[in-house]
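A, B, C and D label the chains in the order they appear, each numbered from 1.
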């Protein structure tokens, strides 16, 4: 590599300036207001063409499937997206390309793969088309970028990615530690325009709890300008107040709360239901043929009205009991 | 001020180098080993003269009183100490100066005061003596220093303290953001030699939970080379494993676990007992006269063998039921 | 304030409460600022979101806290979190108001709560910044409630613990502090003060029964008092009633039981 | 390996498990590395502490995970936390071993899991780093388990996703990576490889029934095979028994049911 190794050549898709983000956050004032609404209302109100979108959970685990489907239904265009291990969530967004250029820019750490299940043919088509701008990161780098934004500083230093093409094709810069003189990778704050996060319970104000791992969701909710939560169940504010240390995401960050039972399907929801490997394989299979994929997403997403309809149309309603049993069995 | 305003003039009492800290952490290997021991054993094993000590909780809330007393009993000398809002914990350490120079260096954010209760005469004597080296910080700056160490980087940037004497008398340095060009305060990582943290429950491996606010304790436990926990109650590892998202401090950080019921007394323990304002006033009152203070700490600390004895000698055992009632009453 | 049916701390608390509008977020400590926030919640601002630096977010305070980290500050809170999480909410720009204190304040609203005398061997060591510097740096509008005396309102601070407008003008931004932030109001037992465009303190209203001369004599620096400055509106009966019966019935802050 | 009573993945898993000593900490993903860690726990290393990057610390795995973030990875864990918390444990120096994967590996142990062909319009887009770069940067000793073929063991990577010894020598430290870290072992279906002092890959032991020539032909770069290199100790009956009945009874990793 003959390029300047202290400055990544990757494009910066979002503004890391904390003062401009502060000016936005100043206007939120949502800490104690109720914000329950439907999925379609939340997406039409808070997601705009060209927005920078980020998705919570990890891969096929605790993902906000209903919101991702709704982005397709409402045919949003030209989105930027952050992908620390994103698998089925990314697969859904790429499926939206059957109707047009949904994704325009991707901050990639782990995309196109579904872990042990293999690669997504459609995601590969989209990412190999040359039509989507890509900037490279590691999972930790993206987590640190969100943490910088959540912290309210324009960058944070870290030690990984240095010396590799993952750094050179990122938008990181090298800084020298003022105390030790050693080089560090400075990663720019990432303030997504909108975040989708699925949680176990949430009150009408948006105070949310999850069971199991939290991945990057605490920081993602704080970093994002607008936050839409889907929740397995809406609970009372009283329940939040009875055990406030269990709150992971405080209502001050949240713009919309949508009750979506089984909302992580076909992904895994810790303690509730395991991932539907049959349906995930079906996705990968139909993707091999673009026409089959088009028919598949037409039938399951574009021609359904809601996530509940998707569960019916995909046959999920018949499998949920088994997925719950698998999850309970460990 | 005519000094260089981009470099604080304060002394740096600890090494922020992450590679030297890593070499230490590599040797720990304590994640799944049992570590229950007595308070005196923990302090004699893990606290050495000249060590950098940091204390968990906040002021008079969830403090590790028994460990602080034991530092006096074992007449440790020449300690460094970190004080984000430290009140009764700092007061105890300063009381140890009746027998010699216990504290030598203090990273101060909030010391000598007991919030609404007034200032500690003994802490003021110690801090006004000129015998203790002081470096100034804010509460957030100390929290960020611990977070830097917990993160494993030599510094983190933040925006407060800039432009003030709190910066000029700190060991911070100004760095320029490589993305925005704006100045930021870089604070050096703080890796304490030993941390004292009191928790609600903990298993024999050291996996610990707290109720209520966590203050800086998650980062403090991760940043510190050695961690001693006192706990209201030791619980089984099974209990930890039944709800792992409730663990605040993982066993991989912890060196010693000591069961000390009422261990935050005379401080507040959320959900268990309120602070003993009568006893805290007694401390402030006896401190006015150095001789009275000497007799007081002789009787309650130096001439008692354990925290249980302190509870007896101070009359606490008769007040605990009332303090529990106050706490339950809100 | 002899002859009036309220004392100075009641007046200050009522006045402070009025600045906290519904839907706003405020960082408070113990004492009068906490009482002011509670009074606002119980009168015109039920949706006021109160945060305590040690980790309590949006509590339902059962009684006046003794420490900003005691269990009352997270009693029935919507979240009990870490200190860093709270200050990062502030740094991120989510907190509108914060109340600060100090032993000394200057004309730019800078505060000293660290030392009197030389730093290395001070004649008086105060606690230091605590979270004061952080709130003063991060929150959009900071407020001070303090007794008005020449010992507190001084020409030159012995130590600048927490930033007001520093040396005035754009000094805050030049130093790296967040844009558009800074001191907003100082509420004393004599008057309410604000700040001019260059960051100099100036009187906004004078309390009932207090003269311009009283204010000038109690201030250790030259203080702008505009011609025709307003009078502070006295506490209403309703404010006093809520304050005495509902906010602080045992009088730990306002100095009287109901 | 025809005629032997174990297959290649079983051999690799048993060999990998032996490198994980009791009391150590290891970051794993799904598949063979996870099976290796479980096997070590159930044989010689009951105190092996397993971490998953998505947040699971020290779980009791009820079954082989499908995703490094699925609920099995934090089942009866000692802590279920955030991804940053896990990587910060690594960055802080608490994690001894990590297993990595990739489409290509070079003589310095650098890995490519990003693209084949030009970055802007690749012929194949792979997932990217995921947590691979972070584990490779932070953990004391990293290990790779992979099929041995010239397509994977290449002279020049199309993209350096995760750092091995970079260009060799002190290149890792010069780049800012933590001291004393780096690749430790590569375990393939043919042999076990380690690294010399300058960071060049070299063969440590050759598996039963495999020749030096087999290894050379399967490697796309010039690979040092010391004279008199050891033979890999075959899996023991006990290892195979535990692996097949206790670690992976349904054969999802090792490809056979018990």
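We adopt the following convention: a residue touches a chain if its C-beta (ideal position, glycine included) is under 8 Å from a C-beta of that chain, and two chains touch if they have at least 3 such contacts.
No experiment lies behind these values; they were computed from the predicted model shown.
Participant: Look at the interfaces A-C and B-C and say which one is made up of more C-beta pairs in contact.
Facilitator: The comparison resolves to B-C.
Participant: Approximately how many whole Å separate the CA-defined centres of chain A and chain C?
Facilitator: 40
Participant: Roughly how many whole angstrom separate the Cα centroids of chain A and chain D?
Facilitator: Chain A and chain D have C-alpha centres separated by 28 Å.
Participant: What's the distance between the Cα centroids of chain A and chain B, rounded to whole Å?
Facilitator: Here the centre of chain B sits 38 Å away from the centre of chain A.
Participant: When you check chain D against every other chain, which residues touch at least two of them?
Facilitator: 56, 74, 80-81, 91, 138, 178
Participant: For chain B, which residues are shared contacts with two or more other chains?
Facilitator: 18, 151-153, 158-159, 182, 184, 211-214, 244-245 - these are the residues of chain B that touch more than one other chain.
Participant: Treating touching as the only link between chains, describe the layout with one word: line, ring, star, complete or other.
Facilitator: Contact pattern: none of line, ring, star or complete.
Participant: How do the chains pair up in terms of touching? List each pair.
Facilitator: Applying the touch criterion to every chain pair yields A-B, A-C, A-D, B-C, B-D.
Participant: Which part of chain A faces chain C closely enough to touch in the complex?
Facilitator: Interface residues on chain A, with respect to chain C: 18-19, 21-26, 28-29, 31-33, 149-153, 203, 205, 207, 222, 237, 240-242, 244-245, 247, 250-252.
Participant: Which chain B residues qualify as touching chain C in the complex?
Facilitator: Contacts found on chain B: 57-61, 84-85, 87, 108-113, 115-117, 119, 124, 127-130, 134, 136-141, 143-144, 147, 158-166, 169, 174, 182-185, 211-219, 268-271, 274-275, 277, 327, 329-330.
Participant: Chain B touches which residues of chain C in the complex?
Facilitator: 29-31, 53-56, 62-63, 66-75, 80-84, 87, 91, 110, 114, 119-134, 136-138, 159-163, 166, 171-172, 174-178
Participant: Where on chain A is chain B touching in the complex?
Facilitator: Result: residues 12, 16-19, 151-159, 173, 175, 177-180, 182, 184, 186, 188, 210-214, 244-246 of chain A touch chain B.
Participant: What residues on chain D touch chain B, complex-wise?
Facilitator: For this pair, the touching residues of chain D are 23-25, 47-49, 56-60, 74, 76-81, 88-94, 96, 138, 140, 178-180.
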